[in-house]
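Dropping the structure in here first, questions after.
Letters A, B, C, D and E name the chains as they come in the text, with residue numbers starting at 1 for each one.
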């Protein structure tokens, strides 16, 4: 009780276990990929390293969504936009690294600018040859957009589905804008055919392993940040806002500041996820802005269990793993049935998502309410009756 | 028993499934047929189908999976340019082979990719030539979906038209988003643009879903081919299956293949195709033929090389010939594009095309457009120069 | 207490609020002196809750003036600022944070820094903990301290809300129907509690329970149709013909 | 005749009612008293079917209705005035009243004039949305809605909460009136003891999920009652 | 037969002309058509008409041209049925291209200027107006002098003006008079004529033409505003149709229904099935790949014109049933948990899409417009297409019916009660489970009939629904959730705004602008255009 609101509380046993597991994966996968020969049964092929790296990036995106949706009740249907913007910032850096090795051999301009007859580098591209600047932009662009967008929306008290829909409008508008070649970011084809990152060949096994480990590290960091936030009084206020926004105001909490803060942090996390995603999948294009992508990311969180940080991570990995498996082999023509069935099944039989249901089930046995398993719908959580004590 | 695996990378779900599923089916048919003939190098072919679900990063992931996990010898796949761009680095890195069957904007020649669809000079330019000569068109609306293929094609066409003396004010370029479905304003605008007293035509690079509502609106607003003809580069038999074509009589499409072309090869192919899909109404189209030609070339090249080793097959492919379904013989060029006949067809009432013009002989595909500043000096030659972007001015490979 | 010499803590002048043409408040004027406890009664729909909505910033008046502590114009402030100024409120329909425990509900209400910036590093003091325990005793929810507030019964939520109001430690307490759903004994305890609070704070209570109002023994204002109908001691207003007619009944 | 026989009710793992029994007969008012959180509302919810009981029987007019859905119970003449009013916020007052037609055969679908006689304010506000009414007005609406159902069993959960004194008197009169019609069994949950004592024919005091004291008006022991309440 | 002997010279000329159809060269064919049109031979009409219809066959071996007259082959020169008929392999259809089609129209026009039927004469006059074929001038003038029908007469005069204004040898006064007539006409084709006078036109004529063209342009500009407004209304009606079902399932019930678009799609496929059945004159049902199925003959009298009146109720029933099924199997477990419905309905939408793809194939299906929904009519300079007009009417009618249903029927009242407070609704005796299923079924059914309408203007493919779902949510939310009027006004506002932006911003930027406007608008009114207000909403 005395240590209630301190970092140690954020790093509870579940968190430590979770972080340890992630850390182990971060080390083991690259190791098994680089150190073992192809023939070894334990060898992890490079394509799996990239694939897992992609999952980890999606997990970070899911985590960022869970932070605002699960804890503050803000349902963003446009979070893919922040992910994509972070991705574009990284993509622009990678494009500039190509230098004169593009098909037209233009040392300054990326290929798509050459064949569209552009003569000079657009302003937005300036500085992206510098890695630190690009990394700054990875955080700043999504963060700034979230800040401005959130400032307007939260101040005007746009809530619920209205907020969800305008975030969707935002990502849709960005999708259309980025589609345009005139916009200067490669149109529909986006940015691709990357060569180096920080001087290392993006396609080399070592680079891939390093990118994977970095993604894991980012996810761990993101997880710790989320834990610290939700375990502090800040997190309590978020939940209070989720349950009864007006009541929180009457208690003197400036709801919009809290929302804005958490929304911006979440957008930055999504941006980082996008930035790590791009070199691993090798392309960033406007498709990432598509509203369906954002909805899908929300779905991962719901599958894993909203309001449980580990759930977001597990949901993202699980759904994407299912997608990878289902889209190959004999199942390929039917994979939408399986995936759709999975979503319906989870809602019906695991109403709190996978982790949420487990947590709830365990909480029921431990009797007291757990911090990590708030009941999103506000429905009854099993507790021992007062009267019986 | 050991098999030779052939990867098929076409979307079976999502927005592109509408076009790409057919190509998967064609590949399955070709492979089955080859196996009936005894396979290749004494082994059976085995198709490995994956679904990249119209999701571009997923294309890259699936390509990687096909090559490393399934160890396919060759991949037939992609439709949109972005999906091709997405998988390019993968094919280069893992040194495998991709056959790309769709007409595209050009400006590319990669060692690992073989382009069996049309380059702009095999579709767009001849179509415009036809309209200028046959229909005396002087005023042009370049109407496209907002993405790279239309943008680039229109850039090339614009330069070409201007070089032919068309005045800039007689060219109107417009783009609409993917899936644009309300064409009222655009069709009215086309009518307006066409009322300046000069013969006007529309060059349409509208892609995919947007075509059906576009043609429906044309039909309803009574834009007749005799007044303002529309020539399209992305509308084939498959797309027309969704529209009642009676009001569209006479509008045009430019392709390297039409189902209606009357040759024995084509007849036989269509029959096989209908039998294979157990659907007597199934149509055939240009990208399908591109796969037919590409597959035949690959088979020949493997036989010639005696192995499926990518390096050997890549070297064996240029110069390989295969009969196309329209009576000619296509050849794989050193720039990894092929020679193709070009046909202009007019839409008939039954959803088929009536060929009204065709090129003399076959047109070789050009990777780099003469009409773009950035590429006019580039040459692709993987046989002698071993380079996809040799700059004839600076005499250097690499642009 | 003399209004002319003491500047009012809360000052409403000619406040009107209308909803789609219906005047819920119709030129309401009211003055509450510092340290005062005022009971407000009046028929259902008289505008009592609406008045509280206006004071706490939930509803913007169409016209009229609302001043707090002499200088703060409440009509220009938002809910959070008004709360920070020191106006606390208990709602007619109990509203608590359902997925927080009883204890956390109080913790959130406890006076202190409300800024988002500092919330991450916020630590609970021993004093605060003690205060919480004493409030839990007062509202008799000590045994329920770690239950989720959403699972409380109606009356328990009422108590929790009162507890939150206490924890907030405001200068002015607006209490909307605190004893609805309480037993007679509890009603008495509540009256007792409010009197204790009133030693330091200013209190405005809305209630329909006449026994309770009588027990408070303070000046009573009767609202009717959005304006003041009568004012005075409970005995005075009970004898007012109009009050009997529209409110008390015969 | 309502006969509740030793029912148990749980919220998840938490038991809210333990072996509660209660009777109510037509023309009589049965009062249920008790402090906050002892299970009064839970008892009524069990009777109307909003929450399933885990053990015990609820007999109404001779058959066990414990397994029936709430709407079927409503159509058997059980009406409920819930704590917190639960009116339909976006329906007008008139529409709120008309929802109760669902429990009636088609030809009986009219609003009895009694409703407006007892609560004239409802007649004035027929077109206003229910949710816009003041707390007390909503309470009146909730009682009116139950009356539209012409119930044979009327369950009232703290109907005086938040009501102005004159209307409490009206409600008292309304309950008395309904009782005196003779065909309606009334269960009244109350905290307001004076009100309950005036109307009640039978009394049951609950504590911690059980009935701890029960008596009829004739043999009511005021002291015992107060003691049970203060428990 | 009779006229063969009349004039050998003429017959020869006619025969010579016919020879031009044997060469399979567009240029020759065109020369032939033009000659036939100018020659005025009585037999010419049948030949040109046959050419237009694709019934003109060349028999190069016998050097003759044949007309396919419903199976019987007649010699074009003599009109006699040829027997024995030559083997089909020897015959070649005379081919057409656009240039030829224009020539054919012009020739037909010239040949039918004096047809007995006034409608045909009118068509002919209009064809001549379009072709401005100077060769037709004498025929036009002859026809004009004898014409009695006023409409035909003015069309002929217009045709004459069109010829005169472009012919350099016409007297200046006549040409200026022609300019005046075209100025009167004031439409785009007049503008086209006026702005493209041949080089060497006298300055006076040119000046008159320029000022007339400017005047027409000004007038058209005003009409353009009206035209844009109409386009906006018609786009709005499409948005309304797409959104209206969602206004029920999402707006009224609070289910975040991501499968809404798929209901629209199912409605469109129902239309396809109906049309296919009419085309096949039998309704055939088969489970793909199983061989299980049946076929049900339809009355042969059904034409495609009936397809929509049949499809609308059918689509309502089909999608309504699917909706009820979904409600009963999934949604009903999710009440009170609106966000979970997002997850479940997203899954359902994936399943439905793939199910349709499996059952009908991935490609577009042809759904044609019934004749009463084809074409356009002119209202001043406004061109209004029938399909859009019907869709506007249909969407408004659907809206009105739905509104009336919710407002004034018992079912509507119970629906609203249940969605506002399910538990209490049960306690007043409402069969909530039934009402829930019916409400979701109603919303789905309405989406289905929207699909019938949308099949008339858009793709019928498995992706159809996806393209409307975002727009639908925007409309409902922009209008204000839970308010049907808001959906109506929202749909038309967005439609009209879009259509006024599109001409100058372009479709892409226009769409971006609309999205940004929605975002900004929601800041001003955080609960939509027709926000429900007051404490009733917070309760």
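The rule we apply is simple: a residue touches a chain if its C-beta (ideal position, glycine included) is under 8 Å from a C-beta of that chain, and two chains touch if they have at least 3 such contacts.
Computed from a predicted model, the values in this text were never measured in an experiment.
Located most centrally within the structure is A, per distance between chain CA means and the overall CA mean.
Taking the mean of C-alpha positions as each chain's centre, the chain lying farthest from the centre of chain E is C.
Centre-to-centre, using mean CA coordinates, chain A is 44 Å away from chain C. Computed centre separation for the pair chain A/chain D is 51 angstrom, with centres defined by C-alpha atoms. Inter-chain centre distance (chain C to chain E, centres taken as mean C-alpha positions): 65 Å. Note: centroid distance chain D to chain E, computed from Cα atoms, is 62 Å.
Touching of two or more other chains is recorded for residues 19, 151 of chain C. Within chain D, contacts with two or more other chains are made by residues 11, 14, 37-38, 132.
Along chain E, residues 353-354, 466, 508, 511, 534, 538 each make contact with two or more other chains. Across the interface of their complex, chain A is touched by residues 56, 58, 78-80, 83-84, 88-89, 91, 95-101, 104, 107-109, 114-117, 119-124, 129, 143-144, 146-148, 150-151, 164, 168 of chain C. Listed in rising order, the residues of chain D touching chain E in the complex are 48-50, 69-71, 74-75, 79-80, 82, 86-91, 95, 98-104, 129-132, 145, 149. Interface residues of chain B facing chain A in the complex, by the touch rule stated above, are 12-13, 49-53, 55-58, 60-62, 64-65, 68-69, 80-82, 85-86, 88-90, 93, 107-108, 146-148, 151-152, 155, 175, 177-178, 372-375, 378, 388-389, 391, 396, 398-399.
Of all residues in chain D, only 11, 14, 33, 35-38, 41, 83-84, 121, 128, 132-137, 139-140, 158, 161-170, 191-193, 229-230 touch chain C in the complex they form. Interface residues of chain E facing chain B in the complex, by the touch rule stated above, are 26, 95-99, 101-102, 105, 130, 188-189, 191-196, 220, 227-228, 231, 234-235, 238, 353-354, 357, 361-369, 374-376, 383, 385-388, 456-463, 466-467, 498-499, 502-503, 506-508, 511.
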